[in-house]
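Working notes, structure below.
The chains carry the letters A, B and C, assigned in the order they are written, with residues numbered from 1 in each.
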Amino acid sequence: MSDSPDPPAPLLHLEVQQVSVVYSNGHHALRDATFALSGGTICALVGVNGSGKSTLFKSIMGFLRPSAGQVRINGQPVAAALKQHLVAYVPQAEEVDWQFPVSVWDVVMMGRYGAMNFLRIPRAADKAAVEDSLRRVSMWDFRDRQIGELSGGQKKRVFLARALAQGGRIILLDEPFTGVDVKTEEAIIDLLRELRTAGCIMLVSTHNLGSVPEFCDQVVLLNRTVLASGPTADVFTEQNLTTAFGGVLRQFHFEHSTIQEHDGRTVRLLTDDERPLVFGKDGHLEYKDREGREDLVRQREEQGG
Amino acid sequence: MNFFEPLQFEFMRHALLTGSVVAALCAVLSCFVVLKGWSLMGDAISHAVLPGIVLAYLAGWPLAVGAFLSGLLCSAATGYIKQNSRIKEDTVLGVVFTGLFAFGLVLHSRTESELHLDHILFGHLLGITDSVARQVYGVGTFVVGLVLVLRRDLLLVCFDPSHARVLALPVKFLTYLLLALLVLAIVVSLQAVGIILVIAMLITPGCTAYLWTDRFDQMMVISVATAVASTALGILASFHLDGDSASCIVLAQSLAFAASFLFAPKHGWLASKRRAARNSAFPSAVS
Amino acid sequence: MPDFLTPFHYDYMLRAIWVSALVGGVCGFLSSFITLKGWSLMGDALSHAVVPGVALAHLLKLPFALGAFVAGLLASGAMALIKAKSRIREDASIGIVFTSFFALGLLLISLNPAGVDRKTIIFGNLLGIPDKEVWQLVIISAVTLLVVGLKWRDLMLFCFDPNQARTIGLRTGLLHLTLLTLLSATAVAALQTVGAILVVAMLITPGATAYLLTDRFGVMLWLSAGLGIVTSVTGAYASYFFNGATGGCIVTLQTLIFLGAFLFAPKHGLLSARRRARANAEATAAS
């Protein structure tokens, strides 16, 4: 466990060096992707669907052999890192069979299998690790529940606990915030921050652009190759995001919109990651373009005046 | 002896004709089975008809009626259990069809009947009676005709049921109609090729055609053509080898599939290999 | 002497009963993994695909288990190849391969009437099973029980989340192959007791039943094994009164128990779900 009294873990490195992946059907999923991360960090992996996020994950987990380049963890190839159980993976909710007859405890215990003996009979240390991980995500009271009986946020926390129990130092999270309420999202982010302090590398693939600056200190922008990577402040710029998403990202230009002077500087913005819904001063709807809405603009000008 | 010489025998010509009709009938439906993902459904129904046949025999009804009802029972029971339990569809299908088949076996073991289990299981193409042949022709014409008339509607139901519903097509009715046609085809075909191999005739030709073309109408034509050609080849081969005719037909279809799998111009293995090689040689050509 | 004790006075009946208990238990054990992994169709396919191996082994005077095993591996290789290298869906590719193998098996049997009997393969031959085949069944069962007993936790993780299994360094390729091997080995064993068509029932019905009754994997394992043993023993015993339709009796019994669980299971049964739905409706109406 990361908080056991072991000597402080050595600094962790993840290097992706000029990785290209061509699938057997000829599809070129990734080309010449290069970036490097050192622990502890929380790094967002951002890109449109089909930009190669899951391909990159699979390369780091060793499921795919890159047709060129390599992934190195602490200077070793992936296979060696897997043997030390360094890499942990928190799957997307859709990938899991929630009807499977296992309890929360069983699932988290599966994280320990790599460290167990041939017969996978849990020792006291394994049980302690599972208990500790469950307590850290506040799921200890749910340990005997069948996994399908949990809420979306609780399910996520169970799989995060499994990554903790495994003692993974490089944790890959695939869309961790979909189907999760805001409170759980914050709890997960707090936990990730804790792990960052402990020196782990977390790579989070997410569509939730708004939350990236909140908790990620680094960003990798992906579109079939690495467009940019580095500290969030440097990489998460409008220009870079426009390149990464092209026209896909919705934009809302205030100067073209129906928002006017009398709204002052207070508008409320609601978004589901697609296109923001903007309300003006009196809670009336604002539109992206003035064209075709001249009447509305005039009407509101009169009201404002 | 010349390869085509067996055709001088009346019973061989007979078998060839009936076999071809069965093959064409199954081949037309196989296009839908493959696209709809009903392979296992076809397998299940073909087994599940057994208790219906035995019961119809005991009750003195036409065997086809009993078979039809018990095939429908299988798909209805599967749908019901799947909707009302947490078990996956393929498992439910497996449980239901084996249950029905086993029940059929137990029933058969308790009846002193002249019902040849062998003929139901393995077919009896070379000794097919005139009345069965007439049944095959009648049902074959009916099913193929109906499918050809309704093929666009049925295709839409397979491809995009929600869209079909929006267009106010009777989706449920069409799905059940397709299922009923499938059961009907299985019932008449199994008298020729048997329960166990009718499923091959309902999967393989459609898959073979699917490798050759991207157009549905062409797919039906190719499917029927390969199925009929394989049937003729299989029947002749079985005569020369003195082997089981239904097995030979299925193997001929499998060979046609294997050849298509390797050599089909666009979706064959070699073609996609060439494409992959070209892509990795000139990666810039991809984007 | 009461009639219902007569079967126990025959040595061949006693032997049939303990052999079927063994095979039923082993299949039951494995069925938990098969149903959870969603391999029902695979079980059906492998049980048919081993037939040419059995036929060839008889021809070459080799142990039938060896032939069956090789045929099973070849078939699963062919399925994987077609799925990976063409656009045919998985269920259809499984259907094509197993029907081809089965047809090949039937052809081989028809070419060599003196060899293995077609009926034995289709219906099993529990009551007349020769001694040396009993030994093969015992060895297959012992090895399967040993492997599952030692590695059930790994196999469970492999069924639940293969990606996780891989990241913590389990060799998923090996586990996949192990499960496939155990599946074809038990399919061969069950082939002897219930016949090729009903093997799949032995491999999924006990697991599906147990799945309705519990939410704990360990409990599910024991429950499905127990169901397999009890139904196989009862079925073998009952077959004395049913003209030797052993497979039919065993599988009919298994299906009846499944239906019982589907209706009455305490948590996942139809009736309790109905009760829950009604209670919820009342609660909302009251509030």
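Quick note on the criterion: a contact is a pair of C-beta atoms (placed from the backbone, for glycine too) under 8 Å apart; a residue touches a chain by one contact, two chains touch by 3 or more.
Keep in mind that this is a model prediction, so the values were computed, not measured.
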What chain pair shows the greatest number of contacts?
-> B-C
Point out which chain occupies the most central position, where each centre is the mean of Cα atoms.
-> C
Comparing centres built from CA atoms, which chain ends up most distant from chain C?
-> A
Distance from the mean Cα position of chain C to that of chain B, given in whole angstrom = 25
Chain-centre distance (mean CA atoms) for chain A and chain B, in whole Å, is 47
State, to the nearest whole Å, the distance from the C-alpha centre of chain A to the C-alpha centre of chain C.
-> 41
Sequence positions of chain A contacting 2 or more other chains | 24
Counting only residues that touch at least 2 other chains, which ones in chain B make the list?
-> 86, 272
Check: chain C positions touching at least 2 other chains come out as 85, 211
Residue ranges of chain C touching chain B (in the complex, touch as defined) = 35, 38, 40-41, 43-44, 48, 82, 85-89, 91-96, 99-100, 102-104, 106-107, 109-111, 118, 122-123, 197-198, 200-201, 204-205, 207-208, 211-212, 242-245, 247-252, 254-256, 258, 262, 268-270, 273
Flag every residue of chain A that touches chain C in the complex, lowest number first.
-> 24, 61-63, 82-83, 85, 87-89, 91, 95-97, 100-103, 106-107, 110-111, 113-114, 118-120, 146, 162, 166, 168
Which bits of chain A are touching chain B when the two form their complex?
-> 20, 22, 24-28, 31, 67, 99, 224
Taking the complex as given, what residues does chain C use to touch chain A?
-> 36, 84-85, 150, 153-154, 156-157, 159-161, 163-170, 211, 214-217, 219-220
Interface with chain A, chain B side, in the complex: residues 86, 272, 275-276, 278-280, 283, 286-287
